[in-house]
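By written order: A, B and C. Residues from 1 in each chain.
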Amino acid sequence: MDLSFDLLGNAIVSGLLLGGFYAAVTIGVSISFGMLDVVNIAHPAFIVLGSYIAYMANAQLGIDPILASIVVMPAFYLLGVVIYHIYDVSFERRGDASIRGLAFFFGILFISEVALVLIFGVDYRLVSAPYIGPSLHLGVVELPLRLLVPCLVALLMTALLQVYMSRTFIGRAIQAVAQDPLALRLMAADPTRIKRIAFGLSIATASVAGAILIVIQPVEPSIARDYIGRIFAICVMGGLGSFSGTVVAAMTLGIVESLTSTFYGPSWSPAVAFGFLLVTLAVRPAGLFGRI
Amino acid sequence: MTEPLLQVKGLGKRFGGFVALSEVDLTVNNGERVGLIGPNGSGKSTFVNCLCGSLRNDQGDVTFAGHRMNGLSAHQRIRRGIARSFQLPRPFGTMTLAENVLIPILYAAESKHHIGSTRARGRCLDLLQMVGLHAKADAKPAELTQIEMRKLELARALASEPRLLIADEAMAGLTHREVDDILALLMTLNSQGVTIIMIEHIMRAVLSFSQRLVVLVAGRKIADGAPEDVIRQPDVVAAYLGS
Amino acid sequence: MRNLWFSAVAVVVAALVFAAARLIGNPYVYFAGYVVLQYVVLATAWNILGGYTGYVNFGTAAFFALGAYATVVLHKIAPATPLPAMMLVGGVLSALTGLGMGYLTLRLRGTFFSIATLAMAVVVQTLVTNWNFVGGSRGAYIIRPSHAPLFSGDYTQYLFLVMLGLCVVAIGIARAIEKSRLGFGFAAIRDDEHAAEASGVPTLRLKLIATALSGGLMGMAGAPLPYYVTYLDPASGFNLSYAVNTIAMPLIGGTSTWAGPLIGAVLLGTLQQVATVTISSALSLLIVGVLLVIFVIAAPRGIVGWFRR
């Protein structure tokens, strides 16, 4: 009885920590899909790309993976700007975003996976850092720093983005794009430019998300696909573009997954995210359907 | 007295905390021409969407030709005779004009009586002829002008062989002469027995067309009567001039 | 009447293909040809939902593998079942899965359906990986007969012939839909779902028909796979390359007609067979991904679009 209570407590705490990490992974999609309506299913591929860059920096130069990811954020931002530009010219302006736009991002997802396989092979890669290994102990509850540090970094990144979105002109313009493109024109802002910036930001978050992914678990190229269900489930359940909603949804999924993996085994956890996604889609269609 | 074609009782619709429609009643008789006006955001579009089944109303009943429409989806309602033209034309972009008109023939009119594939093509051309687009039967919608797009929208609505046509701002953005063009078309249809509800901002058009005028303001019906009486009603004047 | 003519021509063409393969007599022709034909079926099936109705399915691998694993199960409990019957079972199973998925997600915007199919592929793989009866993650061995039934020849020849037959069926269905009432309804949904509904098209029902038909054909294409590979594990059955190829082939060939997926599958399928032998399989997949991205950007109407206005 006592033992299972400890188990339960630990499962919930690690679920919360995992949830913080999920929030970081999802926040980019909350911007691109939730606010801009750009269905970037390749987002997890950029995250895994971030993981490999952190791995390289760590293995070759001995730099802290998270620090390295923050340094390369501007490069990710530029990558996002370029990709949005291609997307905008090729699909959005032609009014052809649905099928071909999806196929475009799917192609990118696939290309990056195969390219990583060609360069790095299919072996799992991991990083080393002082916080990987030790744990804090609060009574019976164990707080592995390997999970705690990513969670804190993730929450910090989310909070900074929240401040940016609500305090700056461009941040507010991005939110206006989400709600009402017409209002944006009244603010005398160019919607395409605003969207390009927002998309750049969303890809920039993938750099940090990738670094904390490889801190939490070893990474191999095809891991990106496992995250698609999770990311979109969280994004939809979090209310498409709401950061606080994203964090709450991410923590909920984290706890449910952690409980499943504690009591049924880790090989079942991908199924949890899918169930989550289906339930979300089945229960919350009204709010989604109103958008045309 | 015969049974009315359309009977709306106590229609209500909310979006979250926002009340879009509240306690709206409307009776439309067979063959009537009714104008529906109201300021922007007064709930006209929501009303149309609730009639056509694009939105589910929260309260009230819609009865059409003696049948309750509640719970029926849009495609079921058009098969029973309620057709609409969209405020912003929404043609099927990859199809020719003839094919655009063919869709409601195959899916709405066909469910009423058998047409068959060879006669269906003839029907398409007849309908396009009626709106003056027969020369462009094999063109794509992208090649059309604004008014031609509106006409295609009307032809497509008519292809379902409706008993009630809801023309949702079919004339917005058109020139004076083009408005007359569409008006004449709607009059012809009405003389052939189609009941019409016209939603319009162009007062000249509404007043010359409607036998009866209904005014919606903030989701409520505030007037319903002969056009010349309604436009003198103080609250109607206030709603238009005050905002 | 025109459909009858088309079917007759298709059967004759198929017979000629098989006769040509027999004439060449090299076993590799059947071996490589089978894969190309399998992709013709998959691409055609994908296009019924994706090209005609506009709903992008990323879960080809799941539907395909369901068919394949249905055969693994049948092979274990009723090994005497003839292959076409197994294909029917796999097809029905995949069609029902498509129907269930569609019922839950097709009422929403198309994007959500696509995301759900992507997630579904992961989940079905999780289920199969955890299911020991079909070998779990270790995979399952299938002993295939050495000779073809009905005619003299190797069993691979029989698999080739069966897949050729399924191609005729799939293309026949796709073409029949195209010029039918159903096809016009699909196209209306693709162009503007809201306007389609307002024109009397029962959109949900039509989307479910398309999903079931498309998923069912994918399942049928997967059913003979265990006999072809003789060893099936989740990693190969659920390989992402199935999903990428079946999307790339119609989009490169052209999504508006039955000919597009056929052209795309034959070209890309053959290219990959050659590239896998001459270069490497990973690189040949990279080529497919790059071609997909180039085509969706630069040639939105595909190869078929080059020959039409």
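Just so it is clear, contacts are C-beta pairs under 8 Å (C-beta built on N, C-alpha and C of every residue); 3 or more make two chains touch, one makes a residue touch a chain.
No experiment lies behind these values; they were computed from the predicted model shown.
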item	value
Maximum inter-chain contact count - chain pair	A-C
From subunit A, the most remote chain by mean C-alpha position	B
Distance between the centres, which are taken as Cα means, of subunit B and subunit A, whole angstrom	45
Mean-CA-position distance for subunit C and subunit A (Å)	32
Subunit C: positions in contact with at least two other chains	194
Partner subunit A, residues of subunit C touching it in the complex	50, 54, 56, 58, 104-105, 107-112, 114-116, 118-123, 126-127, 129-130, 194, 240, 243-244, 247-248, 251, 255, 282-283, 285-286, 289-290, 292-293, 296-297, 300
Footprint of subunit B on subunit C - complex, ascending	181, 184-185, 187-188, 190-192, 194-203, 256
Subunit C-facing residues of subunit B, complex	52, 54, 73-76, 78-79, 83-84, 86, 90-95, 99, 102-104, 106-111, 156, 159-160
Subunit C partner contacts - residues on subunit A that touch it in the complex	39, 41, 86, 90-91, 94, 96, 98-100, 102-104, 106-108, 110-111, 113-115, 117-118, 222, 225-226, 228-229, 232-233, 236, 267-268, 270-271, 273-274, 277-278, 281-282, 285, 288-289, 291-292
